Structure formats: C-alpha cells, structure tokens
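Worksheet: one structure, shown below.
Per-chain numbering from 1; labels A, B, C, D, E, F, G and H assigned in written order.
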Amino acid sequence: MDVKSVLEQVQRGAMSVADAQRYFDRKAFEDMGYAKIDTYREIRSGFPEVVYCAGKPDAYLQAIYQKIAAEQGEVFGTRATEAQYELVRQVLPAVVYDPVARTLKVERAAKKRIGCIAVCTAGTADIPVAEEAAQTAEFFGSHVERIYDVGVSGLHRLLARTELLQQANCVVAVAGMEGALASVIGGLVRNPVIAVPTSVGYGASFHGVSALLTMINSCANCVSVVNIDNGYGAGYIATQINRLAVGGRQE
Amino acid sequence: MDVKSVLEQVQRGAMSVADAQRYFDRKAFEDMGYAKIDTYREIRSGFPEVVYCAGKPDAYLQAIYQKIAAEQGEVFGTRATEAQYELVRQVLPAVVYDPVARTLKVERAAKKRIGCIAVCTAGTADIPVAEEAAQTAEFFGSHVERIYDVGVSGLHRLLARTELLQQANCVVAVAGMEGALASVIGGLVRNPVIAVPTSVGYGASFHGVSALLTMINSCANCVSVVNIDNGYGAGYIATQINRLAVGGRQE
Amino acid sequence: MDVKSVLEQVQRGAMSVADAQRYFDRKAFEDMGYAKIDTYREIRSGFPEVVYCAGKPDAYLQAIYQKIAAEQGEVFGTRATEAQYELVRQVLPAVVYDPVARTLKVERAAKKRIGCIAVCTAGTADIPVAEEAAQTAEFFGSHVERIYDVGVSGLHRLLARTELLQQANCVVAVAGMEGALASVIGGLVRNPVIAVPTSVGYGASFHGVSALLTMINSCANCVSVVNIDNGYGAGYIATQINRLAVGGRQE
Amino acid sequence: MDVKSVLEQVQRGAMSVADAQRYFDRKAFEDMGYAKIDTYREIRSGFPEVVYCAGKPDAYLQAIYQKIAAEQGEVFGTRATEAQYELVRQVLPAVVYDPVARTLKVERAAKKRIGCIAVCTAGTADIPVAEEAAQTAEFFGSHVERIYDVGVSGLHRLLARTELLQQANCVVAVAGMEGALASVIGGLVRNPVIAVPTSVGYGASFHGVSALLTMINSCANCVSVVNIDNGYGAGYIATQINRLAVGGRQE
Amino acid sequence: MDVKSVLEQVQRGAMSVADAQRYFDRKAFEDMGYAKIDTYREIRSGFPEVVYCAGKPDAYLQAIYQKIAAEQGEVFGTRATEAQYELVRQVLPAVVYDPVARTLKVERAAKKRIGCIAVCTAGTADIPVAEEAAQTAEFFGSHVERIYDVGVSGLHRLLARTELLQQANCVVAVAGMEGALASVIGGLVRNPVIAVPTSVGYGASFHGVSALLTMINSCANCVSVVNIDNGYGAGYIATQINRLAVGGRQE
Amino acid sequence: MDVKSVLEQVQRGAMSVADAQRYFDRKAFEDMGYAKIDTYREIRSGFPEVVYCAGKPDAYLQAIYQKIAAEQGEVFGTRATEAQYELVRQVLPAVVYDPVARTLKVERAAKKRIGCIAVCTAGTADIPVAEEAAQTAEFFGSHVERIYDVGVSGLHRLLARTELLQQANCVVAVAGMEGALASVIGGLVRNPVIAVPTSVGYGASFHGVSALLTMINSCANCVSVVNIDNGYGAGYIATQINRLAVGGRQE
Amino acid sequence: MDVKSVLEQVQRGAMSVADAQRYFDRKAFEDMGYAKIDTYREIRSGFPEVVYCAGKPDAYLQAIYQKIAAEQGEVFGTRATEAQYELVRQVLPAVVYDPVARTLKVERAAKKRIGCIAVCTAGTADIPVAEEAAQTAEFFGSHVERIYDVGVSGLHRLLARTELLQQANCVVAVAGMEGALASVIGGLVRNPVIAVPTSVGYGASFHGVSALLTMINSCANCVSVVNIDNGYGAGYIATQINRLAVGGRQE
Amino acid sequence: MDVKSVLEQVQRGAMSVADAQRYFDRKAFEDMGYAKIDTYREIRSGFPEVVYCAGKPDAYLQAIYQKIAAEQGEVFGTRATEAQYELVRQVLPAVVYDPVARTLKVERAAKKRIGCIAVCTAGTADIPVAEEAAQTAEFFGSHVERIYDVGVSGLHRLLARTELLQQANCVVAVAGMEGALASVIGGLVRNPVIAVPTSVGYGASFHGVSALLTMINSCANCVSVVNIDNGYGAGYIATQINRLAVGGRQE
C-alpha cells in the first residue's frame, strides 16, 4: 500500500489534508445498499466476480448480468434455472445456458486454456456437479479433461485412465453415495485431489453427508474437500493450483 | 414340532393330561435367575454358544468357561482382557489367549475346516477386528484366507490378490477411516461381501460411524454391513454362507 | 486372465506386438462419454446389468431399455415412475410396470426359480421395498416366499410362519419404524438374515435411520444390513447366498 | 388451597393482616443457600425425597442421609458408589448398599407391597438399570416381579412368561443394543409399558441412543419412554400407575 | 389359554385329534395377503383396531372402514386427509371428519366416558396433535379436559389450572419448540404425565427433536415420552392408565 | 402485587370475602378456548403483543389484527405471506406488507426512535432475516443502522464501518453459511452482539445448523445466539438492551 | 481514529513522515512468537484480559499471572485446577482459588459493584458454572444476586423470587438436563436473559446439547444463548448489559 | 508403464515368457504378513513413506524407524508419544522429538527449502496441529512462515501480516472453536487455503466438528478442508502445491 507517497504529497503540499483523508477513508467497494460490489476483487484474488444465481431477484439478476458483461466482456453464473435463462436472455441475447451444469454465461471466444485439470465422477448422476467444476475451470482459463462414470465398484474403468490422471496438475473427484472415488484416485497421483461430495444417493447418504465424511477421512494424504455439490469451489481451487503449476498467475 | 404324536399318546392313554400339559408348557431354556441359558440354541441356529467376555463378572466367567468346556469339549470367547485370561486359566489351564484378536478359547485339535472365507483389512490397525472375524469363522469350521493391509490408496496391493478374493465363498472386508475397501472388493467378486466398519481413525471418523456410512451407501450391490468392530458377527455370517456353499453344516 | 496365452502367441509370432499391446490396453467397458457401460459385468459378477431408473434422462432410459432387451432378451429396472413406464412402453411395448414395487421389466417366460428366499415385512407400508427385493431375486432366478405384515407387536402372526422361515436359504427382513423384525427373525433361523430398514415412520424414525440403527445393533448374530429402502441390494445378496446354497448359479 | 378460610379469619379479626400476608408470601421450601429443600414435595407428589448420589459432595451426602433417615425413618438413594457407601455408613450404620443396582438405602422392615409391576431385561448386562427400577418401585411400596434375560433373539424365553406379563399393572422393559424388547412386550399386554433404553452395547449403539430411538418409534401403542439408564424414573412412574390400579396411594 | 380343557376333551373322546391339532395350529389372525388382520387384538389388548389412514390406498381404506363399522358399529381413524374423508363418505355416509385433529370416525352416540385425562398444549399450533390425543382417549371411553395454550413463558395461565391438572388420572402434555411444558406440569401433579413432542417450531427445533430431547431429559420423575406428533399413542396410554385408576375397562 | 391493600380493604369491610377471593383467583389472561390472550403481557414485559402469522387460520388472523389495531392503534406481525396480506387488508386497509422481511404492520406515524442498534448481514441473502430484526426493533422504538453485505471474505467492507459498529448499544449479526461474521464483529466492539444464524447456504450448512454452531463457539466473549432465522427475537433483545442503555423504556 | 490530527501534524511539520508512517503501520499487539498479547484490548472492549487456564503450560501460566497482576493490580482466571493454583501461588502468594467455580484470582479490595445481575441455577450441580458467571460479573464490577436450585419441576421456589428477578438488569439462567429454566424466567422478566446450558445430566442430555437446544428454541423472546458451560461468557455479556443500564462503564 | 519394451524383449527372445509373466504379476510392495510396505510409493507419489506412530506396537516402531533411516538417510513420524521417543532413541540415537508437534524425526542437515507456505493459527492451543503441518512441509522441502495466534476476534493481528499471507504459494489455516480463520484469510489471498479444523474448544465445539462445518461452508472460494487435527495432511498438500508453484519437485 502506498501510504508513504500519499504522506509525502501531503508534506510537500501536493495533496490537501481533505484529499488524503479521503484516501484513507476510501472504501474498496461500491455500496448499492442491499449489496456491496467488491470492485477490487479481481485485483486481490486474481478471479473476476461470478454470479451465484440461486434465489437472486429477477431484476437484480438481469442488471448484474448486463453490468458485468458490459464491463468485462464476459460473465459466468452458476445454479441458474431455465427461467432465469429466459430472463437474462431478454437483456443479454448472447447468453448461453447449460441445463446439466446449470451454468449461464457469455464467454469470450478463443480463450486460451492452460495446464491440465482432470475432472472425474463416480457415476453419471454426479455429472451436473462435475460440469459446474469443469466449466468454472475452463471459464477461468484452465484446460480440463473429463473422466466420467469411473466409480470404484468397476475399477478397471478408472485404471484405464491412470496416465491421464497422473498428468493433471490437479484432479477434481466428484462422487455421491459412499464417495470412495477420491481415496482411490489419491493413491494413483502425485498432485492434489480436490474432493467434491455430491447429494446423489438415498437413505443413509444423507444428501451428501456420508460422501463428505468418507472424503474427509480419506487415507490418501493428498485429498482435501469442499462443500457438498460445490463444483464451483472445486473448479476455482483447481484453477489456482493449475495456474501456480503453469507459472503462477497469468499476466 | 411333534404336536400330533403327543396328542395321539394322550388319546390312547399313553400320556397323562398332566404330562402333555407339561409338554406344551416346557421352557426351552435353563433359568439361572440372572441369566437364561438358551439350551436349544445350537439345535435351532447350528452354532454353539460363544462367550462375550466384556464386562462379565469374574466368578461367572470362570464358571461358564468350565461348564461349556466340560459339555462341548471346546469353548470360544471374544473381547477378553489379559486379566480375564489369567482368571480363566486358573480353572481351565488349556485356555489360549490371543492379545491381538482378544479371543480366549479352547479348541479341539485337527478340526476340519471347509470351504473358503477371505478376511481383508484396509490397514494394520484393523487387524484386531479382522482376527476376531477370522478366528470366529475358523472355530466354527471354516477355512480362512487373510489378506491384510490392502487399503484403497494403494490399489495394486489389493489387485494382486484378486484371484484369491474371487475364489472365496464370502469376503469379510474390515476397514476404518473412510471404509472404502468394501466397495472396491465388491466390484471384483461374485459372492457376498460382509463389511465391518472399525473404530480406527480420528477426528471426523467418529469412532467408526463414517466407515459405517460409507459401507451402507456402497455402490457395490453385494455389500451388507454389521456393527462397528463386530468381527464376531461377520465371522458368524460368513460361516453361515460358507456352510451353505459347501453343502450345509459340516458333520 | 489369459496373459500367458497372449504372451505365447507373441513369442511364436502369432500375435504382433501392437495387437498384444492393445490387449493389455483394452478397456473392459464401452465408453459412451457420459457413461461407461460395464460390458464384462455379468462375467465378473454373475449378474446382468440392471437399470436404476430414478433420475435417468428420458432419451437415455428408452435407449438403454431397448439395447439391453435386444441383447439379453430381458431387462429389469427399479425405482421407475409411472411416466417412465409410458416412455419405455413407446419403444418396448412388452414392458411391464408394477406400481407398488416400482419395477419396470421384460422377463423371459417360464424362468426356472431355484432354492428358497423368504421376504418378510413388519407392516403393509413396507411392502413396496419388499416387493423390490422379491422381484429382484425372482428376476435373478430365485424362488421367493412372501411373508408380509408380521411385525413384532403381533408376534403370533410371525411365529405361525416359523417353519417356512427356517426352510429359506436366506431371509430378507424389511421394516421401518423401530425395525425390530430382523432381530426376532434372526433368533428363529439358522441361515443369514439380510435386514432392510425402510423410510416408513414419522417423527424420530428419521426416514429410516432409527430402523437402520436397530438393525445394525441387532443382538442376533446372523443379521447384516443394507441401506434404507434398498430392496434391490437385499434381493441381490439373497440371490448370491441362495445360489451358493443350491450349488452355484443356475444355468 | 385454603384462601377462603384465611380471608374469613382476617374478616372476623381472627388473623392480622401481617399474618395473612405472610401466609400468601410463605415459601414452600427450606432455603439452605446452595439448595432449596422441597419440604412440601411428598404432600404434592405422593413420593418422599430420594437422593441422587452421583457427584454429591461428601459432607452434604452424609448430612442429607442422616437428616432424611431421622425424619422419615427410611431413606433411598441411587447412583451411589462403593466409596459413598463407606462414607454414609460412618454416620448411618444401618445403611445397605447394592453394588449391582448402586442403590444405598435404609428401608423400614415388613413394608407392605401392593399390586404388581413386572421388570424385564433383554440381557444380563441390563440388570443394573432394571434393579434400580425394581428397588425404586419396591421402596415406594409396589410388588415387583423380575423377568431377566428375555431378549428378542430367543423369543421362547419371553413367551414362557406371557401370563405373568399380562397380570402386571405396568411393565418396565429395560434393554440396550437394539432395544426391541419393549415392542415385543407391548404386543402381548393390555397395560402400559415403560421402556428404559440402556447404554449397553458398542459401536452404533451410541451409548443407548439407538435403543432410545427404537423404543420411541415402537409400533406398539402402549409404550412410552424415559431417559437412557433411567431406572429410577421408570420405577417411579410404574409405581404411580400401580397405585392408581390398586386404588390410589397405599395408606 | 385353555390348553387343559382341550386336552381333557381329547382324552374323553369329545374332540378328535384332528380338531385339537387345528386348535394348536390355529392362527389368531385373518390373512389377506398384503395384510394380516389381528382378529384377537381387542381381546388381547383391550382396544379395538384403529385405522392409521396416512398412505393407505383408496380402495383398501374404503373397504376397511366399511368392514370395521359393520362389525363394531363404530370406527376410528387418524391422520386422514380431506380427500380421504370424501372417499370414505361415499361408502359410509355417517363418517365425521375433524380437519384440525385429522380424525375420521363413526362413533356410537351417548358413549359413557369414565375418569379424567387432562390434555394440555404449550401453544395453539400444538392443538392438532392434542386433539388427536383427546379424541383418541374419548373414543376409547375416557373423559377428557382440554387445557390449551398454557406454555411456560406465561406461567400464570398454567398455574390457574393447577387444581384441574391435579385431579386428572393422567396428564398428556403436548409441546413443540423447547418442549418445557411437561417438566413444569410434572412438578405440579402426582399422577403420570405422558409427554408428546410436536414438530411445531423452526430452525434448531429440528421438526420436534429438540422438544423430544427436552422431555426425555425431564427433571420431573413422572414424565415418559412418546414419538413426535404421536397424539394417538398418548391418548391410548392415558386411557390405559385412566382405566386402571377407575377400575379396569368400562363395560 | 397489591395483596396488602386488598387485605386491608377486607379487614375494614370495604371488600367482601367473595370479591377478594375473586381477586386471588383472577386469571391474568383472556381465555378464548383455543388461545389464552396474555392481557397483562405488556405490563409484565414492556412489549406489546406481536403476531406470528405463519400457519394462523385466516379468520383468526383477520380477527386478531383488527382487535390489536383497535386497542393499541398499531399492530406488528412477522412471517406473513402475500396471501395473508391480502386477507388482512380486507379488514384493515391501512396495513403495510414488506415482501422481503415478510412483516405485516400498521405503525403509528412519527414514532420516536431512541438509541442505536446496528443490524449487519454477511450477504444479501441474509437480508430478509435482518430486516425482520431491524423492523422489529424500529417498531419497538429503537433507532436502527443497517450494514448489509459485509461478510468476512471481503473484510474491508466491514472495517469501513467500524466506527458505526462501535457506536451502537447493541449489534445484531445475521449470517448463514459459515456464520463467521459475529466473531469478527465481536472483536471490534464493546457492547453485546446478538448473533442470528440463517438458513442460507447449501450442503453441509444444514439449513443454518453450521452457522449456529459457529456462533455458539465464538471466541469473542460478547456474542450470544438466538434460533436460526429468528430475526424477531434478535430485534426484541437488542431493543431491551438499547432501552436499558438509553435509560429504560421510552415514554 | 485520529487520522486527521496525524495528517495535520505532518502538514505543519510537527510530525515526520517516518513517524506518521509508523502510526499507520503500528501493530496494536505485542508479539511473543507463540502468542500475540492484545495490548489494546481493554481500550477496545472495555474489559481487561482474563486468563483461560485450561491447558496452559505451567511456566506460561505463572508468567502471565505475574505480569497481569503487576500491570493491573489484579488478575482473574477461569477453568483453573487445584494444581495450577499451587503453581501460581508460588509466584503470586495473594492469589485465591475457588474449587467450585475453578476461578483463580487476585482482586482489588473494596471494589465498587454497580447495578444488578441475577444468576440462577436449575439444580445444585449447575452451581460451578453459575459461580464462574457470577464471579466474572463481580470481578468486572457488577453487583450479583444468586438464586440457586430453582428448577422448573418445583416452580414455587422460583416464583418466590420473582421480584428479585424482575429488578435485575440482566438474568443469567444456568441449567443442564432439559434446560427449561431460561424459558420460564424469560416469561417473568422485562430485561434480557442470558441462557447457559450445562453439561449436567446423563443419557440423552448429550453433555449439554439437549439443554442448548431447549434454550435456542425458547418461546420466550428475551432469551439468547452461549456455549455449554460457558459461565464466563454469560458473566461478561451480563456485565456489558448491566453497564449500559447503569450508564456506561464504571469509573 | 513399459509394457511395450517388455513385449519387444519377449518378441526378440530377450526375455522368456516366464520372466515376462512375472513382470505382469509383480507386486509393487513388500509383503510382511501384517503389513504391505508400499515400496514404489515415493516413485508414484513423489513423497517418501512417513510413520504414523499412534498405536504402533513397540517392536515394529523400532524396526521401521531403523529401516527407513538406513535406506533413506532420514525418517519422519507424527503423533509420537514421549515413550515412543525413548523407544526409538534406543535404536536410533540421532532421533529428535518435538513434544509440541509430537513429531519424531531424523532429518538431513542443510536441506534446501523451496517456495513459501504460510501456516497460521487462530490461538495458541492450535499450535500443536500447526507445527505438525509446518514440520511436515519443511521435511518435504518447503519453506514455511509461521503466523500464530491471529484469531478473528482480534483482526488487527492478522491484518498486520497480510503481505506475508499474500506472498505464500499456499496458506494452511489451523483453527478450533468456531474456525472462522480460514474464511477471513481466504478473502485476503489469491492462492489456495488448506483449512485444518482442530479439536480445541469445549461444549458445542464437538471436538472439532463445529470448526470443520464452518470451514466446509466457507464463503471464501479458495478454501478446502482436511480432517480434524490433520496437520500432516495439510502440510503434505501444501507441499504439493508449493512444488507445483516452484516448478515441480525439488531435486
């Protein structure tokens, strides 16, 4: 922070006390009353703002998509409904909706995708969460390999992809029910595994809690875990790791 | 039940009403006040009585070991302490104690062991529970193959034993922590897998609850589950299945 | 696995290195992108593929029913809705739907059914899960005896069927609420009991968790447990045991 | 309450306003600072004060036993340790300790015991809790029948006592592990069943929680439940019911 | 059971062996395939069969109402919906529906009601469960006093009814949220309190679990607990106690 | 209470015994059968009655709004639906509905608002609960400052408001998901913080339980917690504290 | 914060840029490596630092007691053991230990105590937690009234103290088991109630969780809750409220 | 895998079929009966074997330390007790024990440490877990910065280290109680945060479960979580990320 230069300007009269005070009082966000847009977010974190669509009021959703698309040239949202797609399309005709991943986005063409992230699922029912992760990572500029339906009760399907798993800078393992996939993958690779429990299952799966516990207790050292169905978070962290592997943050 | 013959004897005067009434009133157990010894148990279930040593008062433990050994020529107990071993040895010098499995037994020499049960563990810390299962099955006359320390984060160790697993009439899969072993084995075999969660682990393993949930949610169809650390129950059920496979109880 | 013969062919020039390499690289599944059909499943497990209908996309459901029916001459699915029945019927007119068990199937006529499995319920509300178990076992070739509505608060109804229970190679005990049925049956028989907790109940039944805990804690040694409402798994395991008892898979 | 007579006395000058005010201000307890002895308790509830020994400071325990014994000629305490017995015996030599039930008492000789309460246990390990219940009921003047070790996995032991169970005004069913005893008894009798879950068990018994859930979900309508290991409460309620059945409190 | 007289008849030739055998083989229930009507239930328990309407198939519901009404002259059901009322009314025009208690019944006129049961609620939202309890007790012949909306945060409302509470042979305490009502009432009365937790509340009330825990942990000795929202069970047990107090079942 | 003056009137003949008895028997509530209106509530607690609209029958809701508005000139309700607004508007046209906070009220104009309460949220999705708290406090006469969308993952937004937080007599911290806001605020202020967990979140947020646990475990000493989504309770307690700080209730 | 005056001093040359920079860089804590002493804590929060003794290494405990006593003339610690008392006494002979509350302190004589806080317990076993709360409040300068052993199953004991409860600026309600005390007190008073669940109880009390749930679900609006056994936090918050009521911090 | 070269050797006769078959059959582990040493582990994962000392039998612990030290020149173990240190020192005098972190190791001198990992704790009680993480990362060759006692209730301590946090390739956030530290750090940095819940706390902290839930629900996208007290896992994953950032494994 540039405290020193401000103080020097004040000392030599180049900045008034009032202006300097404003500098120290400045708020690094835009206050819209009901929300405080975190305008320095991309500078601080290296990631642009993403829209969590679930439960957003209609008018606000339209406004925020328009605004971000105008400012950044692209916009990415998760947990969107078909109806929200229709709403946003009215004000942003270029928007694209994926009914499986439930992403709603405008993405710049010919985006360069770096490194390698592998996104795996135990079953086909885990694919929506996996796609949220994969598309998040792709939007943030990562190259993604999808390895779906390779659950542990049919091991040969997973083992056939060992080489690909071992080449990835980060593996995202998405599984519901007993969630054992992350541990098995963790035993095959040398880079971090981000485990995503899903709410797929019934009975004692407790909407993903059983899979979460399996993953948190993993005997594979390289496994860390995010919230149930949190594909977005997994794609985000995988991108952080992938960027570091490729050479740190993109400039 | 032989109701008809009793009735015919009453009809032709060969049995008094009082005797017949006693027949219908008979109690198929020996009442010792604080306990009701289930004397027809072996006839009904096909298994002799086994001693659950944990918490048994000293005098009662000595008495019951002496009594069963005298009547059956052998006796098997689980969850015994070193101190209980010393106690029972005073009255039954032939008794043998296994400090790992915590079994306390007198076993007939040269017992014939039929069929094949595979007992597997994820780690070395699961061996006490696995040994309780294995020794139970052996005491009940089953042949047992031990496959220990083959947890899912080092899959090649397990896969090297695939053939042995596939030959067993029943597999007992013993695992703590994330308990994924049962699902992986379940995907490799065609016979039933009895899963035993263990209390091995820390933190969110919740003394075996996480492993129990993993196993109950198994995506492998052939997995059924017993209580945490219940090696005895697993060895018992595996023996039932093994006997059925070999052609009923050994005589 | 026939590694040796492949190697011998390579040695004597009967197989090129490229072909042999393909052999070792071969994937024992058919990769359809979003799903990997486990084509060697029946060989490995002894059971044909079964369709878990819940949540399957419409087009995929129609395709998979058509494909399996064409290849195997019969097809079995669970957790199907009335609407899915209508969908599948459009492409496979012979399909039959059971609104109680929610099974959707085409079954070869005059299938031979071997051995004996008893399927019991505590109440009438448990029948859908029991029927899923019973019809699964029947589809896989087992003879099934149904003993419904014999809950423990009216014991005489259960005791009247003791003989039948004792003749079965395996008993499937289906119960919600307090789930005590499995323990009581376990005390009457000499063969394994597969306990299925159901989500029947209210309040502190916690959608089947209470029944699950009851069954996992069973004082009857022969009880093992599957997931809440998992009739399919119970029918599957019971068939495995029944086949072993009869002398292996029916041919 | 005799408000009217107090007011009439004030009206006719037989009681001063100050005295009447004291009447309305009176506190129906004796305030000892750290405790407020509920002196009107027996009048209000029909039961004398009982000592819950667990955790009581030594001096206070001695004092309270002396005081109650002096005032009432007898005294009853639960959850006492061997060490507490030694302490109390120093000041009250007549005190009797039961190491199984952990009761510590002086009881009037030749106490008349009315009606009939049946106290049952599933196993021998449940006997300490059952004895707390039985001895509580006996101290409060009820006749008690003990039916121990009649768990549901050996039903014939329980059924042999059906007649006795049906004669009781109230049955106390004490069970740990899966706790199914209460439901089975509930199906055999016409009077209330008080279910007491015990902390007997291991693994997923969760120190009695599983048994508690089983009992709360009982399909038998006549079952109500008290806290885990709360033999005292069960004996207390059973006595209330037994007194009502016999015709109110014994005098 | 009249075993002796059967045997004597056989002895003196008054009964054939075949008939006697049928006697011992008789099944005390009517087997309808999907249900086993417990025909000796009223004799065994002292209570007629009651219909739990929730989830009953339409045709079966109509049939059972018709049958019980025909045989017994009255019929009582719980957890009925408005739609089920319309269904049953088609075949049994005299049926009466209470949309608050959700009871559906035909009740004999001028039924004598004995003794006294007090049914209390903490709030107005608990009234549906309380009415299920009250109407159950009334149908079974008990006199009921309703004391509603007397929750512990406005104690004077409850204390104003102390006398009435103390006169009841049994108090049913119905409360959701923190469920403290049962303990407070338990401190005021000398007869049993049956506590019914309700699913009323939000957030950490967990659909009645918090109230259930409060009641199970009650410091008042006379409180026992039934399942969440189980008004029927509470009314049933209260009637058992009330009958014992009055001197057995009303005739 | 004025017992003395009543007694003195009785003594000097100014009040009959019957009238005085009525005084002592009087019930400080109005009994409407299904509800007992707590008429002395405002005197006892310092707060007028507030309507919890959720689940109230239509007719009763209209009646109670009319009655309270007539008696007090204003009325405040929480958890109201749009439909309930329409209902109440029919009988009370001045009523105002806030679809975010779900409050339904008639409020006296130009109400004086004293002191200062700060109401903060972590995100925009927490605003409905925060508004319930804020409007409750305002209705009860407190001045409220709103500080919304200042969650801990963008700390600078919160720190920019430190001065305002430190001036408040009480801070209400409203947060879902991980609920960390209360601890961070607690470290910045010297007055009490009332933490309100919200049901905002998904997966392992367990509908607010995770946020509740975070807040209950707060390392900041000044944090106490109310139920999930209980904005009303937080606004109520904050007003109590604010009134004490300003010098008692506003008149 | 005095940013303006610093800037003005820099402007007029009264402060060097280096000094001003230090001002903005200053760290309001003393870094001791393993701990960061929060030296501005009292200024920020109005409370001096208090020692949480549990688990503190011996040497560190002695040092911190010496240091705080030297700087502030008094020192207060909680959760101290008898052994820690002996340790601290070696270096600070004036230290006083209370074995019930487990507080360890040196307190200035004749400290003025302002306002009024009432600390209540349900039973005698809750007194240790209550004393921690009471002594905390007293150390921080509040006047405390103790009202112990007034649990809800003997309501008259509590009602006899109604006037005292109503005079307090804040009530601390300490209770284990079912924890109903807070709700009952909440219905009697107009000022805030801080509820402290205790780990007193057994079985389904779950070491205080049941009491915590009861209190969080309180139907009394004025109740907020702190962690199980957190007497210190309750005494702290009660002091904050008491200070506000009296007119800010005592000087 | 080098399948091709093996096949080519077989083709040209350079390798016998038997040898090649052994190649495909080879087991990449050393089978010691009770354990299967994973000899290819370092090659596969990039990390040498580490000893989890908890519960290891004495003789085995000595043997494994000797063996690894001999083979690798250094050895690292976690969760060691003082007694285990004495044991290992007998056979490996160079071993060093850290009683805080409970690590037991022999480490090569002058090991080069690359990159930067920041390890932070909320309080001093979290330091043992943090040291396990830090020493693990250091043993694996990472440079570590320790930032301890920077919990969220004294934010200025954490903010003073913002620059250091932002320079790290990965931050390990260690916290018990409410566990909010990870979210706050997550909002300040651009690289991944590995959150480690600790069992520090009491009451509703549930031995770390509350902190775990807080972290899993983090609103900061970059946070992933490992098991309670799993410092080793966090240090391991942080090293993986650090290595990727620096450019792969250090050589």
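Methods note: contacts are C-beta pairs under 8 Å (C-beta built on N, C-alpha and C of every residue); 3 or more make two chains touch, one makes a residue touch a chain.
Since this is a predicted model, take the numbers as computed values, not measurements.
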Fill in the blank from the handout: Going from chain B to chain G via touching chains takes a minimum number of steps equal to 2
Exercise for the section: Return the chains common to the contact lists of chain A and chain E. Expected result: B, C, F, G
Problem - From chain H, the most remote chain by mean C-alpha position - result: E
Handout entry: Relative to chain D, chain with the most remote C-alpha centre
Key = A
Exercise for the section: List the centre-to-centre spacing of chain B and chain D in whole Å, with centres computed as mean CA coordinates. Expected result: 39
Problem - Distance between chain centroids, defined by C-alpha means - chain E, chain G (Å) - result: 49
Fill in the blank from the handout: Rounded to the nearest Å, the gap between Cα centres of chain C and chain F is 54
Fill in the blank from the handout: So chain H residues touching two or more other chains come to 25, 154, 188, 203-205, 209, 212, 216-218, 227
Fill in the blank from the handout: Which chains touch? The pairs are A-B, A-C, A-F, A-G, A-H, B-C, B-D, B-E, B-H, C-D, C-E, C-H, D-E, D-F, D-G, E-F, E-G, F-G, F-H, G-H
Practice task
Can you check the complex and tell me which residues of chain F touch chain G?
Solution key: 44-47, 163, 169, 188-192, 194, 212, 216-218, 221-227, 232-234, 236-237, 240-241, 244-245, 247
Fill in the blank from the handout: Contacts from chain G onto chain A in the complex sit at residues 3-4, 7-8, 10-11, 13, 17, 20-21, 24-25
Handout entry: Complex contacts: residues of chain D adjacent to chain C
Key = 122-123, 151-155, 159, 177-180, 183-184, 186-188, 201, 203-206, 209-211, 213-220
Fill in the blank from the handout: The residues of chain H that touch chain B in their complex are 25, 27-29, 33-36, 38, 41, 54-55, 197, 199, 207-209, 212, 227-230
Fill in the blank from the handout: Interface with chain H, chain B side, in the complex: residues 124-125, 127, 148-150, 154, 156-157, 160, 202-205
